[in-house]
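Here the structure comes first, spelled out in structure tokens, and everything after it is commentary.
Chain lettering (A, B and C) follows the sequence in which the chains are written, and residue indices restart at 1 in each chain.
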């Protein structure tokens, strides 16, 4: 709440400046088609409107979803061809170049995903208010249209905090090249996408500190399409704590992990940590996450610990192999997830993907083969092979 | 129905004129950002497209909703931070400057709110067809983004007829300055927002006569942001009658007041009256409504009468106080609602609000404190204090 | 699947061409209002964005829906006034003039109707991927805003395959004027609009061959608004086969015909044929469809056959009658539907419509009178008269 009020007072300080602005003299507008779609920009850059659509087509066999339990392996056999995502994205700024807005609507499911206002006046201190993907995990934060694999790893279901409603401050502090940091600190209702009220008085608190080791903020992108001339790396540590009725979050809002169903308001205290790395150089890209999640059931007085990590790398191999086609990237990922460290159950995923970038991430064809393995607590094992093709087009 | 057919014949009269129009010669277009958002206007003004988004963020404690019954006082304690409204507004005209269209979509709840066509060829006779907020009560008709307080009064739940589907004629008759009137007369299905069929053959009939006392139609606006140099006032009398299964209406469509649940088709005949005033001068603004509503239950053969009124005033005090900040308005409201005049139950609301207009109603920060009091029919009393902060941004 | 992969390889062949394209030099854009709404087009025509809204208002008495069974005749009496359709249509092309996209959203029901990408590089070979109205029946394929009558015939409910998700190739083969054909061949999941997974491994296969008798592809349009100077005709034969849990499809997705409820996955094999004709000349237009549909219930081992046809004609009579108003069309339709050829039940519809084209199909007022007749298998008969008025406006 203090944070919330600080936002307000910040705005009030800016108020008279804004109020006295004149928007009456209106020179010609610029129309453009850029990386974020169609643009209308006023000549003085006080106003910007961007409109972009995105369609993602997917074919998957034997089925599309990641297996979660032993019983999911091998039995479900319904090949999917579907429009997996159909998005309308509208963003820009109004009144001032630093007063930004953005909203994103999923047309297929009629869900409002993002809606946020960003006051980005200084590099080192910005404020965001609304609903968006919390910057807790790299793979979730990267847009589904800009992924290196067809979709996120098996870790995502258990560890993402997904979209939340709240307020956040963030910025970049770059001192000497060695002391270059990005920070994020936010307060959220902690009840997930699309909720209107908090379940109790407990909020979600989130922080992330990212060290830009070599002096460049890599942002939330995958694949080194810009072919970095120098090696660039970041290391980030994130933490989040929340008390609510939910044990996981997704685009559908709050939900439940296997074994933690139908929570009462405030039943679950969740504490999570994530250590993240990313690296790019000359067409090669690397990223990893290492997760720990603690679920404290306040009614049963029990604590469960979840752990997991993934390692992912991709290469635009034409950088070193002459005959390799320029638009083709090869990428691999290994994920390891333990749903309960007190038991021996382990899920593994190993994936190989090929991306053909017709026009960067905006027009991309991906093929992916994944091998899933499970070892249950009573030493049973099972595996499954999955093949997916995906076309992602922004326009 | 007669009304409906008169609309049709009117259009047919206009038909050949429209048909012969040429849209082939197409001079350059004007792009603009105006009070209704981004605009594309053809040089001959035959075509206009406007796109505007609006986000409303709200924090409320101890909770956001107005108390309705004795039991609502003091027990519910779930502070809300939420995106209260997320709107997409598209309007303009096509083929002719007087053939206007408008639709508004609530992105958060995926509801189509307004969709209407307006034939506004003459000042004194216009036709509207579609779905919109009936012009019955001033506070409901004023856009949620242009309110003087954080939201509408405790009267709104019981007395608004909200959005309806139908046909309406309206216009302004200004004779001598003293005989200056606006009128509205409409026929609606009377089943609320989003319905596809009438429940029975009974329709809703609505009329409003507004006397522009000083010769200016103040419109449905609040706060005197244009700092009127002369005092301006209006007085309006509205009436509406409807027979349906519902006893109240809201953005969610037809609903029920406490004690009138689950109506059969045509069970309730509702008769309503509203006497409205508004006044502005030099940064000061006033408005009031005085309501009477009769619910006749055709099955139980019983009649219930509801009464209520509110008084509301605001002042941009920099007009008389030197040190007062220019963008700051102070506003107060007192509301009094009796859900059944046969009993002694009375609900009261007294609110104090401060608005900081960064950019008029399009970028506005509001803080509000409200005191609610209830006296039940058996002379029990309860009260509650509520605090709300709201940021409303159009872009 | 082979088809699907052929699409992919096709795209890969085009890839390097696309990739090397430069979109950096950006000359002025053209803004326009055309037959598909507002347009933004880049000077080199690499990018096009179109936005169009459409509202359709309808009044119907004694009610709006077509009677289906004997009991529907005469008993339901709820006159409807409603916004029948409220559409947002966005289309254009991106990166290349031949890489087209289109999506259409129903705002009133919050449904994503169309979303498709079309690769239309050559006249004789095009590829479409996504969700759209399969080109199986003429009357369904024609946009609801461009119909000659107020709505489709009584055949539509039983025989349309409506919107499906899948992949299709199509094109035009025009040899000598006599050997001028259009073809369509598609594979779909066969589970209707908005589904995410197939119910089983059986797909829907569709083909259509259209002979452009006189050398012009008439397209999916009704009414001869362009006043053809020479007579033009097409004949088309379509066939579709599908196995799923459904026996009919509509905008709401998969559904059931009377007597075929609650299917299991893969319970029904459906085989359908349609022989279609269309003809236009000097303001006169003709179209017809002749349908046969076979429903094979794999669980009950029973087969049901449905048959039906309609004949429809319209005339802009000012072409031969001097005093006839130019924007006025008169149109008639006769439909005959037998839900089960093993029984004697027959439904008939005879309709007379008048269309006033303010601005072609984009601003059109229609009035229609329909007579429905039913003869049941035990020789009972019933009839019903219906009157409808509709205003359809695109902007």
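Miscellaneous remarks
Just so it is clear, a residue touches a chain if its C-beta (ideal position, glycine included) is under 8 Å from a C-beta of that chain, and two chains touch if they have at least 3 such contacts.
Quantities reported herein were computed from a predicted structural model and do not represent experimental measurements.
Although subunit A and subunit B share one sequence, what matters here is the overlap of their interface residues, and that overlap falls short of half of the numbers used.
Between the two copies, subunit B and subunit C, the Cα superposition rotates by 120°, quoted to the nearest 5.
Averaged C-alpha coordinates put the centre of subunit A at 39 Å from the centre of subunit B.
In subunit A, 31, 110 are the positions where the chain touches two or more neighbouring chains simultaneously. Residues 31-33, 38, 51, 53, 55, 57, 59, 63-64, 77-83, 86, 107-108, 110, 325-327, 356-359, 363, 365, 389, 391, 393-395 of subunit A touch subunit C in their complex.
Looking at the complex, you find that subunit B touches subunit C at residues 1, 4, 8, 11-12, 14-16, 18-19, 21, 23, 26, 28-29, 31, 40, 42, 46-47, 49, 90, 92-95, 99, 101, 103, 105, 110-112, 115, 117, 129-131, 165-167, 189, 194-201.
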